[in-house]
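Okay, so chain A shows up in both of these, paired with chain B first and chain C after.
Presenting the complex of A and B:
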């Protein structure tokens, strides 16, 4: 079934590329093949989950040490679900999105590339051979690169594409080294074969961690390797952003988990590094999100934040492995794995929603919106569910997985790593609060109040084809939040696979924690329902009259809609509190004189790693080299002299 | 036999020193030709086990190529561009000679410490090859005229050949032929390029070429 799914997707890519001359046929074909391929894949995943039998297929390949070997264990199954659900729904949404977008509807390559991306994602999570894995990994990187630059008439898309290209190849380079080390130790590049000769020595384990942090961490967007996310996510079409944020960066997390599975056990260094990296990405991501005005950039930083939460879970799981505490390992990994699915669901929901807002407003600037709750009720309501879920509010799915990570943190206290637990709990609490602040900001400015621009006044909900995928994702968010059983048992199976345990021994170990999650969820849901009932009672008591009137403007006679509370001012207390981290640059042209004519205010929060460190370092290097180039006397004889002196010194030194 | 080869080696070093101190380009080319002929004969004197037809053939090829063909190309080149002398060397002739003498000393010192096969320990072959390489480099560094640089390159290559002779008694002759062909093509190309440079710049001083860099 798995092979059938991959083949259908690839054939779909070919067919939609061949029929690209006729957009209608290409659209129908790519949709047909996408739905068929993803459904076939889902059937394979359901089959594997239900019978927990790995349906592996192995075939020879002409490349040295390579075999075309795919199979589904617990971990692969879980990620296959994630990848397929996100790709399927985003693909359906994408069809309508492409049709409504002027630039994209002319593009011939967007549909084939999307299908190739989906197929490569499926292969990456199922591959059992390092060469096949790297092959699919590169295919995924390249197809997503071409999707990022699909609107290449915008300079920002080209810049983002270049940055993504550099980052993804740096990551692949690290992975090549990683698998070369593993393959040399094992004499084979099959994952099972490598696993048979592991675990590695302590020094090698640390080296592998560093390589994985660059290779998988760069793809996943763990700080400080997140630099491409906030550029590439806004630049790509919304349904591609949804897949990139929902599935592509999750493959980095999958890589970490697969590597831990291969290595059997990891050292304490892994736990410490991952927990710290997770806390930094989580808090840093949400802080930078708070300072953004661009909706998709804001969401991209939230991806960094959620990857941080996932990495915290990973780190705690590693702590459990290294301290031989299976329940801690299971909790940490299950939390990380479940949050991967949850983040894939609500983040793609939010990206799809942001695409609808973007098309309605013509800009991604949140300050251009306002009052969209009335004008675009469906998109706004569904985005609200996504925003509540990402903020970790019960009874939505984000809460369940964050709860697991909290539980893992508190159980790490008893493992004798109180400092790590403190970092983790403190980080999670800070992340939760700030994420809530950030989404009230974005959602409030975008959907509440009154429209600020003409475009916002005439905004309308998109058609059913675009609303349905969002509704499906929102339904999944609610479903996992209210009834986490099925998703949790899948996540447990995956976590058990990573820890190398039999799936049967898992349920008793975690049963206690899950009841707690359900109880808390229930209480939270009750609070929300009671709040809703109170609001409804107030509405009834007011005799169903809600008066709308102008705000008192302190005597100012010509108020405009732009005088509403802005996103920047809402976030200002928080951004000021974290000013040393954020370093916001403000351009303020103050009004002057009795009859001020023009005044302006704008603020930017540049990325600390990319704009604050890498770009200055890069331009300093270029400046230094240019200086050397001016200074050096470019004459053949001097070069020869340099070579001769070098050789002489070398000879004298070595002899 | 051994005496003869030592004598030849000493002569080769002497020729290299002479090159460093000479300003006449025609003279330099003739000296290099002489050095090439010595190199061609040298393998016959080094090999104790007698004359193989292959070895004879190789020596003859070397002799003709280095002694006649390459010098002829170079003479043709300087006849075309009408120059006779290296006018302004970067390092003067007397200092070049002194540096060359110092380099010979250095190469003897280095050769003492090189891990070489036992039979070569007492031979002049290693120090002479090192000295020739270094002097060739010195010549390339200190002269501006393109022709002088080609001559320097040839001396350098002669040194490399000597070193190869020292290390591998049984060098497969196909490799030696490859080396020879390489050198011949390189010199041929350089000869042609020198002509073109002269036509384009009215000079063959590489100093003017630096203007080409951005």
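Presenting the complex of A and C:
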């Protein structure tokens, strides 16, 4: 089934590329093959989850060390679900999105590339051989790179594409070294083979951690390797952003988990590094998101935040492995894995929504919106579910996985790693509050109040093809929030696979937490029921005595749309409190004189790593080299002298 | 029979504790100021009056505005099932303390979005302050919970706030108590963070968010806010006086709540509210206290 799914997707890419001259046929073909391929893959995933038998296929390959070997264990199954759900729904949405977009509808490559990206994602999470894994990884990186620059008439897309290209290849380079080291030690590049001969001490290696952090962390967007996210997500078409944020960055997390599975056990250093990186990514991501006005850039920083939460879970899981505390390991990994799925669901929902808002408003600025809940009721209502879920509040799915990470932290307190646990608990609590602030800001400014621009006044809901995928994602968010059982047991199986336990049974130490999660779902459902009862009570009490009037303006009777609270003002108490972290640049052209004419105010929060560190460092290096070049006299004697000096140095070093 | 009694006493607490507690605070402030003050049950009369009224909705608003009051009250009611309001809670499991905090966050989310739905800049201002302050209050609350959870070995409110002789020093309990009290004042918009009696929109936090609500909606909001105060105050009470010999568990809780109300009234009579710019400092101090408490517990 798995092979069938991959082949259907690839054949679909070929067919839609061949028929690209005729957009209608290409659209129909690519949609047909995407749906068929993803559904076949989902059947394979369901089969593997239900019978928990790893159905794999292995074939020879002419490359040295390589074998075409794919199979599904608990971990792969879980990520296969994530990848396929996100790709399928984003792809359906994408068809309508492409048709409504002027630039994209002319493009011949967007459909084949999307299918190739989906196929490569499937292969990455199922590959059992390092060469195949890297091959698919590279295919994924390249197809997503071309999708980022698909609207290359915009300079920001070209810039983002270049940055993404550099980052993803740095990551791949680290992965080549990583697998070369592993392969050299094991004599094979099959994952099972490496795992079988890997001594337990291999996990002690800090070098492997470093390589994984660069390779997988760069893809996942763990701070400070997140630099490409906030550029690439806004630049790409929205359905591609949804897949990038929902699936592509998750593959980095998958890589971490697969590596931990290969190594059996890891050292304390992993736990410390991952927990700290997670806390920094989480808090940093949400703080920078607070300062953004561009909806997709804001969402991209939230991906960094959520990857931070996932990384906290990963770190706590590693702590459990290194301290031989199975329940802590299972809790941490299960929390991380479940949050991967949850984040994929609500973040792709939000990105799909942002695409609809972008097309309706013609800009990604949230300040250009306002009142869209009235004008685009479906998109706004569904985005509200996404916003609530990403803020981590019950009865939605984000809370369940955050709760698991909380429980892992509290379990780590008793494991004797109190400092890490305190970092994790405090970080999670801060992230929770700030995420709520950020999403009430974005949602309130965009969808509530009254329209701020002419474009917002004439905004309309997109058609059913675009709202249906969002509705499906929103339904999944509520479903996991109210009835977390099925998703949780899948996540628990995946976590058990990572820990090398038999995935069939529930670990006794975890049973209590599963019951707790069920109660959370129950209480979430109770909130909905009580809310409904209260609304009914209000209906009876009011007895249709409802009057309409203007909003209370505290005595002022001629309010305009521009007097509404803006996004920057809304976030200002927090951005000021965290000013040393954010370093917001403000351009203020104050009104002056008795008859002031024009005044302007704008503020930016540049990325601290990219704009604050890497670009200055890069230009300083270029400047230094240019200085050296100017000083260079092209005389043979100098070169000979340099060669002689270098030889001398070598000689001295060897002696 | 036991269950019936539990549910009945729960219902009595849910209905009567919030208005009475708010009434005692107002009475205390009046007595300190040398006034007679309204009767203790005045908040209850206000709620009943509001429930009988019709509603005026702004033409700007949508269903979001009407969702706010019902969901925020529903969230606080759900949260109350986790707090031992009548000796034992209705539901208790390991990790319910986190659910408690996030249910309050759900209430905040819908209140804030309902406020932003009116398009009023005053309500936007209030919403902005609310989310800013509570995103600092939340870490303090959770860290205080964490240090209590370490003593009891479980992150459940019933166990954390039950009398026990677990490890832990008095100092850490005092620190947790201090940060919980600051969080209680901040989350329930009391002085020194917010003044519930102010009538200037520019300076209010919680009250300004609900400016446009009226009738049953306002009744729901006021009762929900009072219930939130009762819930957090009862946690404080369980922490300080586990059980008094004569009154029994419910009786000692009721007495403790009354005493807390008097303390809040005294705090409100004895100091002015802080400048808004100082509030984050107070909350960060609460976070620090909670963290020190956690460190002391672990030592």
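Heads up, the rule we're going with is that the second predicted complex is superposed on the first by the 595 of 655 C-alpha atoms of A that agree within 3 Å, B and C clash if a C-alpha of one lies under 4 Å from a C-alpha of the other, contacts with A are read in each partner's own complex, and residues count from 1 in each chain.
Operating definition for what follows: a residue touches a chain if its C-beta (ideal position, glycine included) is under 8 Å from a C-beta of that chain, and two chains touch if they have at least 3 such contacts.
Given the structure is predicted, the values throughout are model-derived calculations rather than measurements.
Asker: Please indicate which partner A:641 is in contact with in the superposed arrangement: first for chain B, second for chain C, both, or neither.
Answerer: Touch partner of A:641: chain B, not chain C.
Asker: Is A:434 touching the first partner chain B, the second partner chain C, both, or neither of them?
Answerer: second
Asker: In the overlay, answer first, second, both or neither for which of chain B and chain C A:531 touches.
Answerer: It touches chain C, and chain B stays clear.
Asker: Does chain B (first) or chain C (second) touch A:587, or do both, or does neither?
Answerer: In the superposition, A:587 touches no partner, neither chain B nor chain C.
Asker: With both complexes overlaid on chain A, does A:422 touch chain B (first), chain C (second), both or neither?
Answerer: second
Asker: First (chain B), second (chain C), both or neither: which does A:444 touch?
Answerer: Only chain C is touched by A:444; chain B is not.
Asker: Would you pull the chain A residues touching chain B in the complex into a rising list?
Answerer: So the residues of chain A touching chain B come out as 634-637, 640-641, 643-644, 648, 651-652, 655.
Asker: How about chain A: which of its residues touch chain C in the complex?
Answerer: So the residues of chain A touching chain C come out as 370-371, 373-374, 384, 388, 391-395, 399, 403, 406-407, 410, 413-414, 418, 421-422, 425-426, 428-430, 432-434, 436-437, 440-441, 443-445, 448-450, 512-513, 515-516, 519-520, 523, 526-528, 530-531, 534-535, 537-538, 541-543, 545-554, 559, 561, 563-565, 569-574, 577.
Asker: Quick one: in the complex, what on chain B touches chain A?
Answerer: Of all residues in chain B, those touching chain A are 90, 106, 110, 113-114, 134, 137-138, 140-144, 149, 206-207, 209-210, 213.
Asker: Write out the stretch or stretches of chain C touching chain A in their complex.
Answerer: Contact set of chain C toward chain A: 51-62, 64, 66-67, 69-71, 73-75, 77-78, 81, 91, 93-96, 98-99, 101-103, 105-106, 108-109, 112-113, 116-125, 127-129, 131-139, 141-143, 146, 149-150, 153, 155, 201, 211-212, 215-217, 220, 276, 280, 287, 291, 294-295, 298.
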